[in-house]
Amino acid sequence: MKSLRLLATSIAITTAMSSAAFAQTTLTMWYHGAGNEVESSIVNQIISDFNASQSDWVVEMQSFPQAAYNDSVVAGALAGNLPDILDVDGPVMPNWAWSGYMQPLQIDEAKIANYLPGTKGVWNGELYSIGLWDAAISLVTRQSYLDELGLRTPTLAEPWTGEEFMDALAKAKASGNFDYALDLGTAWTGEWYPYAFSPFLQSFGGDIIDRSTYTSAEGVLNGDAAVAFGNWWQGLFEDGYAQATQDPADRDNGFNSGKYAFSWNGNWAALGTLDAYDDVLFLPAPDFGNGSKIGAASWQFGVSAASEHPEGASAFIEFALQDKYLAEFSNGIGLIPATASAAAMTENYKEGGPLAVFFDLSEAQALVRPVTPGYVVAAKVFEKALADIANGADVQDALDSAVDEIDADVAKNDNYGF
Amino acid sequence: MASKFTRSNSTGWLMAGPAAVLMGLFIVLPFLFAIGLSFTNQRLISPNPTQFVGLSNYSQLLGVGLLTLEPERNEAGDVVRAEDGAVSYPALRGYTRNNPDYPQLDGMREWFSFSLGESRTYVLARDVVFAKAVVNTIIFVLVVAPVQGGLALVLALLINQKLRGINVFRAIYFMPVVVSIVVVSLLWRFIYDGQSGLLNNLLSALTFGAFPRIDWLGNPSTALGAIIAMSIWQAVGFHMVIWLSGLQTISPSLYEAAAIEGASKWQTFRYVTWPGLRNTAVLVLIVITMQAFALFAQIDVMTSGGPLDSTQTIVFQAVERGYGKQDISGGSTISVILFVFVLAISLLQRWLTREKK
Amino acid sequence: MAQLSADNHGLRLVVRYTVLGLIALIFVFPLVFMLMSSLKPDAQLLSDTRSLRAFLPVGDISLDNYFDAFRRAPVGLFIFNSVIVTGVTVVLTLFICSAAAFAFVFVDWRGRDLVLTLILATLIVPFETIAIPLLLIASKLPWLGFDGLTYGWLNSYQVQIIPFVADGLTIFLFVQYFKDLPGELIEAARVEGASWWQVYRRVVIPLAGPVLATAAILKFLVMYNQYLWPLMVVQEERYRPVMVGLQYFFQLNRAWGEIMAYLSLITVPVLAFYLFLQRAFIASIASTGVKG
């Protein structure tokens, strides 16, 4: 009898243990960090911590190079081969959500209450993605340049007006010390153009698409404010303040080697500049009449629609929302941590830290790119319009045809559900 | 010549079968699929159901229109002129947007225009960028096919000598083909740089500073030429190798006979070499033409179709539309148009170069 | 033995070599630029591009970029994958396409002209056009492997190989070359009772050295430089080829030196293969009994 009971108990225990082992489900995850050692190591750290902290889920990550990531996801979606967890670039998320690649997150919303608005990916009233950091842009220059040229140092409360900014550029050009007054980064074709330059358009009073309806760009992209922006934009190149075609090497290295007086660049490049000079200033964007604006929203985590374990995927994402990870990312790649409490833990964004100004900039001036599935097309159209205007095309014509194309695309897609 | 020694259905199908099946499954079938897509409004992925739209994609791409406008006149009946003396015409947009009198012009933009007397004739296109892409591609083909093919032949003849170390030169001339397009484009971007690029430096040195510095890739009139030069440089080694393999089939005894008869270099080329290269010439011509029509990689990496659409090409538009703007049906339509166009041209080429029996 | 140019007079020789050499300079400088740049630190690399220093091994030369490149990406794995995919494709292509071309040129069979025309028509179809439909097909095809019957070819070697084994360009290359071969040899062999396969193996292939080498190197180049297709069908790192791996180096803060080092490394297999084939480009005319 006793041996039978022992046998039964041991069988029961073994079964219980193996079913616990079976209960560990694998979640696949795609991340865009291949080739970026710092980001990859932090993400791997989060994954191993998560795997160790509980026994229901095991996350496995597949790394992709950033430049190829979006195409890989689209191809994966076509082939029916998406992972459970994926990360998505903020402005692209509405398109993926509408296309049916993603499902809403199942996380405790209280945890993200303090997060910067740009880090939350909301579409159709639901939270689809959440980011651990945000990215911001500023006008980079050196205190010594401002002093030499006799310029006032703008502050967050009192940024330069449009006239002051043009005056600064004119003085920089006249001094003869620089190849060009302004480094806009025209070498970085792609998403940089709408991200970096639509804030100027918005500061003039225009926009890529009418955000009250999201069904047309008429009047906002080709109205008076937009044409004023277009003329200003064309003037930058015609008057020789900036280059319409730029060497990628100049973009990466130009400001740090003294070619430019001002550089319009993001905080991911800030660490390099801090190394090059010791009197670097990160100035707010100039105000062209409608307030200073900068872009927002970077990479965010989400759950794919085809995932069979959305609760596990969401559990992982919720786990990653800890201040210590936010701080690690920020220290590693130089981007803004999503909460103020995490910022206090970082080297660069704590009170008085060299990049702390970005946190305030982001809070005060950030405007996300238009939240619509049509953004993918609108961004490309806008980029082309900017490039054409920079190369000398007629401003009104270029903007008109951009509006026509955006409107046509929206109509073709049944207004993207609006 | 069909005799029982050459006729064999089973062998024919057996030997060509694998190739035919593979190509049928992996090239013909997808292409038929793409043709089908061009008649729909399929997006890359979207929740909206796909609808059959007939030929509307085609008319969207190929639609052209003509409009002749009279100049604006003020109340006295005189022609209104702008500040620089140019004659002022009514805005085109008034006719092409929501104008009930001109429904066929709706949505078109100006492609180019010319003046006949006082009135101005506008040639409109529904998709101006595509129209420019077609023109650019044709220019590219017309320039590259003879130049690249001819240069490759010259190089092949040069390499076909019995000199010591000629193999080293053959290997070097092939180098650009081997090196990745990334390096090639990076390098040529440095060469073409408007400020301190090597080309500008060279021209400046040669003309003692008289030649102005040109932004080769940023200037709409020079960008396409710059791309052409770079493409020829990169691919000429490829075709040199093809010409070489054709040159090898010419029997040396023919050259001996020509030498014995005292033929000059030119006569040797014309009567011995060139006839023997006939089949290779057809191959090179057709291949260069096909590859020229498919111009994409250099544009994608270097100019993205700019500046001002001067380097737009058909395949680049197809890719941008199909992948970039997620309009896979539009991209497929462009591909079908390209296919029909090139098929027509190649049939013409074949007819022109047919062997006269 | 006829010499195509029998001039060995001194001056003529110098002129010839000079001309060849000057042309060679025009063609070789990207390789030199790439190699020199791979040895320099980033800042110097970028500033050197302004002048002829770009082609000279001056300044701070070291192999650091190579070590860094290996740290950033599994370079060896990528090269291995590319060599496997490319090598297998080339071998299969040579066999299948030359056999098909043989059938088109020397054998008379029903449907020959139609099939040949169709195959040549595919030359016009650029790959980007059919990539998406091909992706859909590839994700549904069955495969008999070690795990038995599975569906979907994604994330494998076969998906990178099999769709590209037969292509119109290679077949066209072989067809035009075979047309130039003397038909009398084939006739003679057939009269003596050789089967078609024997004619193919014993008569045609030995004569086809140059075109086999040409087709091999051209196919190698196309397969080795593939980017779009592997991007779409390979999602796991262990099957990635070199051109997708190149994207690892184009992160936000680009390391140009490492990019040059990586490119130098991945050019090695192609160069090696080309040099290996060099000898085959030259037909051994003397020993093949080609009629005069």
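So that you can tell them apart, the chains are marked A, B and C in the order they are listed, and the count of residues begins at 1 in each.
By our rule, contacts are C-beta pairs under 8 Å (C-beta built on N, C-alpha and C of every residue); 3 or more make two chains touch, one makes a residue touch a chain.
All values reported here derive from a predicted model rather than from experimental measurement.
Q: Line, ring, star, complete or other: which describes how these chains touch one another?
A: Per interface graph, the chains form a complete graph.
Q: Centre to centre, using CA atoms, which chain is the farthest one from chain C?
A: The chain farthest from chain C, judged by C-alpha centres, is A.
Q: For the chain pairs A-C and B-C, which is connected through the larger number of C-beta pairs in contact?
A: Counting C-beta pairs in contact, B-C comes out ahead.
Q: Could you please state the distance in Å, as a whole number, between where the Cα atoms of chain A are centred and where those of chain B are centred?
A: Centres of chain A and chain B (C-alpha means) sit 37 Å apart.
Q: Would you mind pulling out the distance in Å between where the CA atoms of chain B average out and where those of chain C do?
A: Going by mean C-alpha positions, chain B sits 22 Å from chain C.
Q: Could you state the distance in Å from the CA-based centre of chain A to that of chain C?
A: Each chain reduced to its C-alpha mean, chain A and chain C end up 39 Å apart.
Q: Residues of chain C touching 2+ other chains?
A: Correct list: 49, 132, 136.
Q: Enumerate the residues of chain A that touch no fewer than two other chains.
A: Within chain A, the residues that touch at least two other chains are 71, 78, 248-249.
Q: Tell me, which residues of chain B touch at least two other chains?
A: If we look for residues of chain B contacting two or more partner chains, we find 44, 190.
Q: Within the complex, which stretch of chain A touches chain C?
A: That would be residues 30, 34-37, 62-68, 71-72, 75-76, 78-81, 248-249, 252-253, 257, 268-269, 272 of chain A.
Q: Applying the document's contact rule, which stretches of chain C touch chain B when the two form their complex?
A: It comes out as residues 1-5, 13, 16-17, 19-21, 23-24, 26-31, 33-34, 49-52, 54, 96-97, 99-100, 102-104, 106-112, 115, 118-126, 128-130, 132-134, 136-137, 162-169, 171-173, 176-177, 179-181, 187, 190-191, 196, 200, 210-211, 213-214, 217-218, 221, 225, 243, 246, 259-260, 263, 266-267, 270-271, 274-275, 278, 281-283, 285, 290-292.
Q: What residues of chain B sit close enough to touch chain C in their complex?
A: It is residues 2, 5-9, 11-16, 18-20, 22-23, 25-31, 33-34, 37, 44, 155, 158, 160-163, 166-167, 169-184, 187, 190, 196, 198, 201, 233, 237-238, 241-242, 244-246, 248-249, 251-256, 259, 276, 279-280, 282-283, 286-287, 290, 293-294, 296, 315, 318-319, 322, 328, 331-332, 335, 338-339, 342-343, 346 of chain B that touch chain C.
Q: Name, in rising order, each residue of chain B that touches chain A in their complex.
A: Residue positions touching the partner: 41, 43-48, 93, 107, 109, 128, 189-190, 193-195, 215, 217-218, 220, 304-309, 320, 323-327.
Q: Give every residue of chain C touching chain A within the complex, in rising order.
A: Those in contact with chain A are residues 42-43, 46-47, 49, 71-73, 132, 135-136, 138-139, 152, 154, 231-233, 235-237, 244-245, 247-254, 256.
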